[in-house]
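Take a look at the structures listed below.
Each of the next two complexes has chain A plus one other chain: chain B in the first, chain C in the second.
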Partner chain A sequence: MTRKIRRRVAVVGAGMSLFMRRALETGRELSYYAAQQALESAGVRLKDIEAVTMATAPDAFDGVHMKGEWLLDGAGGTRKPYLRAYVGGGSGVFSLISGWTLVASGLFDLVLVVAEEKMSSCQPHPQGAFLTIFDHTIERPLGPNLLWIFSLEQQRYMQTYGIRNEDIALVSVKNKRNALDHPAAQVAANLTVADVLASEVVAWPVHRLMVSPVSDGAAAIVLAADSIAQRLTDKPIWVQGVGWALDTSYWGNRDLSYPRYVEVAAKMAYEMAGLTEPRKQIHIAEPYDPFAYKELHHLEGLQLADRGKAPEDLAAGRFDRTGELPTCPSGGLMGVGNPIAAAGLMKVCELFWQLRGEAGARQVPGTPERGVAQAWGDLMQIGTVAVLGVH
Partner chain B sequence: MAPPNSRRIDAPPPQPLRGRGLRDDEFRRRVSVTPWTPVLEYGWDTGLAIGRFLEGLQEGKIYGTHCRQCGRTVTPPRAFCELDFKPMDEWVELADTGTINTFSICYITWDMKPLRRPQIPAVIDIDGTTPRGGFLHLLGGVSGNTVEDIREQISIGMPVRAVWKKPRDRTGAITDILHFAPAGKRR
Partner chain C sequence: MSDRVAIVGAGTTPPRPLSPDQSFREMTFAAAARAYEDAGVSHRDIDSFISVCEDFHEGTSITDEYVPDQLGAVLRPVQTIAGDGIQGIATAFMLIRSGIADVVAVEAHAKSSNILRHDEVLAMGLDPVYERPLGVNPHYVAAMEMRRYLHDSGRTDTAVADVVVENRRRALGNPIAPYGAVLTAADVLAAALVSEPLRASMISAYADGAVVLVLASEERAEAALRPVWIRGIGWSSDTSALSMRDWATATYAALATAMAYQMAGIERPADELAFAEVDDTYAHKQLQHLDAARLTAPGGEPLVPVNRSGGSLGMGYCYDASALYRTAEAVRQIRGEAGRNQVPGATTGLVLSWRGVPTQTGGALVLGDH
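Then we have the complex of A and B:
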């Protein structure tokens, strides 16, 4: 199926708050920080913005019903067309996709996209909010916690392809090190594989340092239609393709070794972007990395590595910041932090800075022209993908 | 306020990034935290398909459903085939045996409290399903608490069998199966 896109859409500004374990600020205040910075970097005022999309994950984190409305004022949505984009962990990239549909359709010319998460309010631990993702009748009575599903999936991935835990730990090492150059980073560190494997086993095969932290934070971007974007900046970063897909909620019936939903989403985005050889045509990737193995799993789903071979590529340095395909040059969720929805949009912000050559100490060498950002979530079943580029 | 556009710092986002992180002691002693403990009660209906599945468990049977159009036999059973979008054609009594698709050895509770005796969650592919698939349950009947001890006794692909509660103790719940244990062992 060929999709006819009505108008080109560009990212023209980006902003973030700090990512923190526990912020004094409310979610509304964090949203304002990021949104204000994005507007300023785009050189536009809130009154120029015609519509707002907002991403934030479960209401249960905040104990506030209809959190989208609660955050409205911080996202700059007052008296404007406003919508909440919510697909769990996939929300950050999905917020860009939602904003893109509003501009590409011709409905609006200038849209603000804000993503926020404040996980720290939920006591004693925000995992409590995640317990309700399990089926109430046939799963919750077994006493599950969120780590179960990831450790089960990692173990299946490792078993299918003969991957060692050392190979997985290297993702934590790379991303936490990349994050040393990110001013918003919460858990940047210079570690070795041995350090990661020496951290305690939380749910074998997952060790503590293979899990992203609990975080508070926000990120935002400004989207503009073709002619407006060219007027606002010499360096618009074009949204070349978007895609998303969900797999069945009967997750015990899935092949856990391969994220087919990411493949479907990626192929949709690549087709829209006119990519025929993504491994050659994509120069930077920001795959979703809430757990170390997920970066590798997702790179395979994104068709950027052969099935089961991403760990070898990683060990060979292919995914280093100076490698052939830098992945998570931001530092990712493992290094910058994981305020759920905001973490996904942080990846889009990173592509914006990298493709403009403005990433400073994090800048990947060469002149990258195209990047892909991806997020994932719900009951480990959604892939959200966006291809961004300079042309 | 963020600096004007022209002033690009070395590593964006442009400084100063805003946010005031709280230390643990600040949060604990805290002047400004408003606590709230919600009391929410729900009564969840089983639905058509899971209702029948639970009745089966009470009788010591694992049920699946079959779709003639795609040829799949699946469990947990469902009322309609989500691929062909039509009612499932028949109920199938499956064996109470299967194989370990994947498992984990979990040493913490949801609120990060350590567990000395780990939980061993697993996806069990139930015999008789096509393509092979199943559901989340627990593994048991293994001794020892360390990763090494447990991995010596269980592995992916290993045949397992349901260990049931005594008939009079069953309530028509997923926990009528206590756990799955390596086949050949009863406990």
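Then we have the complex of A and C:
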């Protein structure tokens, strides 16, 4: 790519609903709460918003066809240019990229980005909806679910690098503890590695406390073009780089020990952000952690840890909130919860609050200037990466 | 750096009612190969990829999983727009304008023949609490709208039937259209009622097919043989709730065309456009959409040639891919490749799309030869 990015885009407001197992509110209402907070924090009204993007994962959760259309009035999209960009579990971070595209193109100056998920509508359990994500001929007859395929991936990761389950359980301990400071968290807890490994095995080697919960929730941000952002706030958080990459559908043909698609996406985002030494230049990371091992796996794909070495860094305290590179200071999906698309945008919200010094009890020490948020989805297939910073 | 974006390649598979010999992947591959060839690019020259699809049409959740291989897009930036084809084109347009990509491919496909019960899929788009329990054929939404539209506009159902007659006749001159026919208005009005006043003959029949378009920045488009420029683009959504809508007018289409006209600098669309490819999923929608696009004369006649391709009534309805078929047909018009259906001097045209029942989402595209 030879061209230069047309204009700078900043996050100027963020909001989110509580994350919970079973919300009484509808998807439209959850979207409204998050959108309303984001607008309020940006100091703008819905009528100032020129376009809306929406992220929400499979229609099968709600059993509503064209779910984006159904949610649009809750998200403030009525009679506006409205867009639902969709990359499975990667949609939450991708919604920022989609919103960035609208503003960076010069078509719009002020855009609302909403991410919503209501998984509890799916009875008896949303894993049922995931049965329909697999290839109808090759895979579905085997009756796979997500726990099943991610346990394969975790197994491959452990096998390749000689990693023990204790090393991975430590992610659950860290993130659930970090989440104790998050007012919207669903499954915050103070646990030990022994507690995690004492929880039941759901698909070996994955224990129940190594999996993020089923959640309902929504998150939202407001994006503004350069000049507008400077007028709205003294502390705009700039979108410095974005990247995304989708690997082949044939996941059975890939080496699952390393997420190449995250590496490709990260390099795209780092190049756009002008980062040459991400480990020094990135001060906070919000890698996607729907399963405990995924945080470590993704930190390696993000080039923030050596391959197979993230567990050692974790054990040494490098990723603690007070460590050299705090990861998931929010509490992540393991602690705050995992309403799929909303969980990804929650990570962007966390960077917004951390970089503005507004994260309260979760605030990482020092004055972090740059963070990275990442999400992942489809058939262990897509990486979506955004670099945000104060400059 | 220029802001101009062109469509430099278009590839389609001919829409057809059944396609048991091809999977959607094979169909998409064929359309992509034709589009890349037309644009003179290889998949490696394409910076970003967009697929337009919806889970329930595919029978697969998170259906964007199955997009990359047949486009040559493995480990590349790929995103899915769960929306209208023109929303996919708009995303490509914005990626290029933002500077993050120079060449972008947009793909949409429909394997309608895999859907056993179209009515049930349509009904899943209705609100599960307030609307779906009525349990009636979801085409009733279009029928209520048609009734209101005819009442407010003073049109008759014969005017609606004439749309069917004209589009199916035009389809005879379009080599890719499978639903060409010579009919009379009486034939159309003799068809079975689906939901009064809507008759089966007024609903576009389903088809299978795939379309891929390649868009490029001005720098890259100059190397292309036959670029067709995107002069304006717009899209808009209104609520999908039945209780909240304006049944007589297509507000989304008015907003979308207004946005596209403004970008294109078009003030008098009837004078400045040479033709229009307009959504006709239901025959009355063509009339309603032309009104919204300010292309209807006071007497009710269209002010420009409309749907020379045969529209969806003639080419078949391919869900969100229909917008890309309309766009590909508009590209052929502007390139002067439309054969028997060519509009003389077709230098500027409008494409207007709609996502179908129960949505109020549509897109507008103004294309030109310069």
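Observations on the model:
Convention: the second predicted complex is superposed on the first by the 388 of 391 C-alpha atoms of A that agree within 3 Å, B and C clash if a C-alpha of one lies under 4 Å from a C-alpha of the other, contacts with A are read in each partner's own complex, and residues count from 1 in each chain.
We adopt the following convention: contacts are C-beta pairs under 8 Å (C-beta built on N, C-alpha and C of every residue); 3 or more make two chains touch, one makes a residue touch a chain.
All values derive from a computational prediction rather than experimental measurement.
Contacts of A:T248 after superposition: both chain B and chain C are touched. In the overlay built on the shared chain, the residue A:P339 is in contact with neither chain B nor chain C. When the shared chain is aligned, chain B comes close enough to touch A:S41, but chain C does not. By the document's definition of touching, of the two partners only chain B reaches A:H125; chain C does not.
In the superposed model, A:P326 makes contact with neither chain B nor chain C.
In the overlay built on the shared chain, the residue A:P205 is in contact with chain B alone; chain C does not reach it. Judged by the touch definition given at the top, the superposed model places A:Y33 against chain B, while chain C stays out of reach.
By the document's definition of touching, neither partner reaches A:P368: not chain B, not chain C.
Of the two partner chains placed by the overlay, neither chain B nor chain C lies in contact with A:G92.
Common to the chain B and chain C contact sets on chain A are residues 63, 130, 136, 248, 250. Residues 14-25, 30, 33, 36-37, 40-41, 43, 63, 123-125, 127-128, 130-131, 136-139, 141-148, 151-153, 155-156, 159, 181-184, 200-206, 216-217, 248, 250, 252-254, 256, 349, 353, 358-362 of chain A are the ones touching chain B in the complex. By the touch criterion given at the top, residues 1-6, 57-60, 62-70, 72-73, 77-89, 94, 97-98, 100-102, 104-107, 129-130, 132-133, 135-136, 242-250, 260-261, 264-265, 268, 272, 377-379, 381-382 of chain A touch chain C in their complex. For chain B in complex with chain A, the residues that touch the partner chain are 2, 4-5, 8-15, 17-22, 24, 27, 35-36, 38, 42, 44, 46, 50, 53-54, 74, 76, 78, 82, 101-112, 119, 121-124, 133-138, 147, 156, 173-175. Contact residues of chain C toward chain A in the complex are 1, 3, 47, 54-56, 59-62, 64-69, 73-83, 87, 90-91, 93-95, 97-102, 121-122, 124-125, 127-128, 217, 219, 234-241, 244, 251-252, 255, 259, 355, 358-359, 361.
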